[in-house]
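So, here's a batch of structures to check.
Shared between the two complexes below is chain A, which pairs with chain B and chain C, respectively.
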Partner chain A sequence: MDTETQTTRRRARGSSEGADLELTGICKRFAEFIAVDQLDLVVPSGKFFALLGPSGCGKSTTLRMIAGLEAPSEGSISIGGQDVTELPSHKRPVNTVFQSYALFPHMSVLENVAFGLKRKKDREAMPKAKAALEMVELGHLATRKPAQLSGGQQQRVALARALVNRPQVLLLDEPLGALDMKLRRQMQLELKTIQTEVGLTFIHVTHDQEEAMTMADVVAVMNEGRIEQLGPPRELYELPRTAFVANFLGKSNLMRGTVSGQEDQLLSVDVAGNRILLPAARAVATEGEIMVGIRPEKLQISATEDTTAGMNRLDGIVKDASFTGTTTEYLIEVEGIGLIGTFAQNRGQQPGEMGQRVFLSWDPVHTFGLRGSESELAGVEEA
Partner chain B sequence: MSSRVLGRRGKKLDLRSAEELRAERRKGRTGQYLVLPGMIGLALFFALPVLVLLAMSLYTKPPGAEIGEFVPALQFSNYAVMLEAYWPVLLRSFWFALIATVLALLIGYPMAYLVAVRLRQHGLLKGILLVLLIAPFFSSFILRTQAWKQILSDEGFIAQTLKAVSLLPADGHLTATPIAVVAGLTYNFLPFMVLPIYANLDRLDTRLLEASGDLYANPVTTFTKVTLPLSASGVFAGTLLTFIPAAGDYINASLLGNNRNTTMIGQVIDSRFFRVIDYPGAAALSFVLMVSILILVIIYIRRFGTRELM
Partner chain C sequence: MKQKLGRWIIPVLGGLAFVYLLVPIAYIFVYSFNDAGRTNLEWRGFTWSNWQNPCGAPAVCESLVNSLQIGLLATVIATALGTCVALGLVRYKFRFRNATDILIILPLATPEVVLGAALLAQFLNLGWELGFTTIVISHVVFCMAFVIVTVRARVSALDPRLEEAAADLYANPRTTFWKVTFPLLLPGIIAAAMLSFAMSFDDFIITNFNSGNVQTFPKFIYVAATRGIPAQANVIGSAMFLLALLVVIIAQIMSYRKRKALEKAQ
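Here is the complex of A and B:
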């Protein structure tokens, strides 16, 4: 045995540090339905990792396979260098915070939290469980039964029950789904703080793109059993590589066009007679028919034409303007392209009213290019 | 003005009309009336007979009386005489009932678990097995016990096979043994064990079992720490529903036992009533049986009872 595997083994046996998680060629088939399709994934130790996708995209199944609650049809899973594919769930160094919390109703809150430690024959199970409850600020409710707690409190108990075991990987299966908006925001911040403090590897499954972006270091967007794109939230948002990611993660204006030329790393794209510039490095496809995308907030809307050189420009008629307080959201019909969405901060000026002609402009560096073969509506419904 | 709307203690006055209030009260009373037939039934067919039984247990036989002629008295010695003669039979009855209850639990719990948890996703198979569980009730209790007698008879397949492999001596019997009686009790009362446990396990949230596994509990620990405690009230109801009738049963003892080593208290009561024609003795024994079961059940509830039953 070489030294490297020795250290990974040692780590796998139960230190409190997080560990790398590696999925290789994972497939999961249910009868005729493919839930997860050839998934490869490496989550480095200590990262807050989010699996984001619409319901039915296979993200929960992936999580259940990591937990050992579901066996993959193909592929292997390793944690900290140790292959755990064949290990039953009770032998894996992972813990899960379930969507339903799954607190044991016949035990007190404290007994719930101490459950895992007792199974591991930890002599300090009770003091550790008490400390974990204090951490989630529920020490005073230790003797209550789960049914006597509110949803948010139950959620914290579930979190404490998983965290107290110091698993190498903590799995969170939409744990905030049942909470109301305010509590949810608060728990998001707390979870993030706790993760930074304990330094464990967190895998967070969610369908809420905002939640994934606020909390995670790395986000993997899943769709139909595959990972569409993986990266830090900002990168995914600023430079989506598929139409699904562009639409599911935030909103995008996608326009079809044909590449007409290239100069100085800038592609010229003919979109319904308009010349749109796009950095070649930001395009997945650089020839023929492609899809050009721009995020709504990158657009400038104005009643007069912006004549700055090197800007992308479009003009159209205001079809809808809805006032939302801090901003006004506009839908602008551009001839030959369709509706383009944007918004303007309410700083007193009114760039356009219904039926009026307005001018849109943006810096080409924000433009991104996608494959023309994709549907511009991919991921719109699910978001 | 405001003093009229607010009542004396500052509470809001009930502004509903007297008519509505009467209707409300009538509705409350309707519920009480509905309980009445049951209460009358209980009084007529339970409380009264128990009192008659208690009185009868103290009757005495006047000198020179005919068979079956007894006069009211307070002859407490009836109890002493009966207990002295039959305390071993009483003990045996409880012993047999206890073994049958434990066996029914050991056989019945896995059956209930299979149908309620394992086959939860298999509607058809689950339905068929449930019907099979209840199916014995479609035929008479005595008939089923008679069938057991055939199955365990000396000429039967089981006895022949056991003799062939020398597990049973050539002159051995299966009927007329405690084994046969306990087997009959177990068989006959099994559904009473399975059904309450099934009803309980059917509501078991299997996500809790996953959570237990996720928290390092192996399947055995998951069973003892999660599944069993959560189904405790079903087990509790099942054991009571099995033990109580089994302790007083006499059909199994007469059809499958019928020998000195297998006599149960029900048989003795039966024979004192109908053969010996000793009504006070039979009544005293019935009363003893009733009170001892009550005491055992109370001890059991105190020790293991769930909150719903207390």
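Here is the complex of A and C:
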């Protein structure tokens, strides 16, 4: 982007501050089905917040309740300290970029963008709308009808139409879902840049974990109407607190074991006869049967045994090795545990072939511990 | 040989079907130029006089004006009420909605004589004098059913997210309706209104039950037929036909231009 468009962008948006969004005890029931269950959430002003979860987890319903398009069965919503629970949609300082864009087909692109400003009786509706279109680099298509634009262009119009109103909170309902991969990546960067520049509170709903992680400051992983875990992307990835998060956000090797002792903040866990070390602070449960987890990329795979002291070690037979160019992905059958996935960077070596015995090792600090009562398959199918 | 036959048979049959469809209309059109005497059954020579003086025959134009007034009024009422019902049926869930759906089709399925007689019974019970008002009320009954069916299809096709988007962009329910819902339904509403007007304009059976002394155009023709339809009736019929044709052609040209503009833009 050149500097001139940068300046137009800034001028188009001016300075506007986002506001804190607070959901307290939100429930949404449809007949017999509970879409959102006792949800408490605080989104601090100016953050890029992602609601991540599989379809049907209640993330879109939550967004619709914030927009006022759906009334919560229980609980309250406040924006910037003001209770908006009873406020109808058109009176809330919130704008939405819809999944289907929902552009008005009978209006020109410019009229679409000016719609919100005109409702607010803004005298400069047209110039502001034009500037907003320039901002998304669509100034030259102002007189077109939405049907005459490509998917990516429609997406930009939808974004301009929402942003031009400078809402306190901008809601994005899977706005990139309909775009192809390349355009999607490009728009992700665009959106992130715009958010940083305008400093508005963005709430982005998505089922794409990569999208959530690259864009958001804070991610809330939702499942079955509840928030499983909330935090910065790195924290969620490195230290998942539930099996669902461990599996939905990236991949994890989960193994069942029994805590056999503790020394120096390190739990030792007996996993099918192997002694696995785990920092006590990284475990949700520290007694009895627990689940031990390790991300595949943290594992070292080698044809010879690693004898460094204090490392976790397993060994097994290579069941599958698939070469992808930059890496080779392995599935290793470990006796008493099952299949463990890992991959090795292509540095010219070839640590193991099909049917060969290999040795796995990793630093205990990467291990995480989950409740033993969980299913190791939670979230696998949805991801 | 066989192939040759196959190549000819469809255009020939198609042509014959068209001739079959258009002969009565062509007859009306041609005989509107007939220098008719008492009856307009045999050709007596070409004249412009019928077209120059379409109100020449007694009562032709009075009945036409009546029909136009009734048609317009019934259309306006039926379109307004029918659009509201169509919106309600699609957008709101209520008890007996499915039953209501079926009840709405009923006036369309009921034989016209039965509907006409039933309406007459109601007016007689109420002691209302038959005339202009009772005709309009009767026409609204069946026109509304057509409007509901036509507009409902359009409402179902309307993406409810557009209305949500309007609400999200600070439009109150009234503005949302006039700025978004109504313009998007307009093509359906116009189609419904045109259909409604056409149904009202040429209704004879129901009108005949409920019109009293008021003469409508179809009634006039029906009565005139027994003693010879004046050539002026042919003029009015032809003019109506040409007008309808013109509307269709304009609509075609407009949609063609729109499509071209769209193609050009992409």
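Annotations for the structure displayed:
One rule holds for everything that comes next: the second predicted complex is superposed on the first by the 368 of 383 C-alpha atoms of A that agree within 3 Å, B and C clash if a C-alpha of one lies under 4 Å from a C-alpha of the other, contacts with A are read in each partner's own complex, and residues count from 1 in each chain.
Please note the rule applied: contacts are C-beta pairs under 8 Å (C-beta built on N, C-alpha and C of every residue); 3 or more make two chains touch, one makes a residue touch a chain.
All values reported here derive from a predicted model rather than from experimental measurement.
When both complexes are superposed on chain A, chain B and chain C end up clashing with one another. In the superposed model, A:347 makes contact with neither chain B nor chain C.
Of the two partner chains, chain B and chain C are each touched by A:90.
In the superposition on chain A, no contact is made by A:123 with either chain B or chain C. Legend: residue contacts after superposition of the two complexes on their common chain; A:148 is shown touching chain C, with no touch to chain B. Taken together, the two structures place residues 67-69, 88-91, 94-96, 98, 100, 102-106, 115-116, 119-120, 161-162, 165 of chain A in contact with chain B in one case and with chain C in the other. By the touch criterion given at the top, residues 159, 161-162, 164-173, 175-176, 179-180, 183-184, 262, 265-266 of chain C touch chain A in their complex. Interface residues of chain A, counted against chain B in their complex, comprise 67-69, 88-91, 94-96, 98, 100, 102-106, 115-116, 119-120, 161-162, 165. By the touch criterion stated above, chain A contacts chain C in their complex at residues 67-69, 88-91, 94-96, 98, 100, 102-106, 115-116, 119-120, 144, 147-148, 161-162, 165. On chain B, the positions that touch chain A within their shared complex are 205, 207-208, 210-219, 221, 225-226, 229-230.
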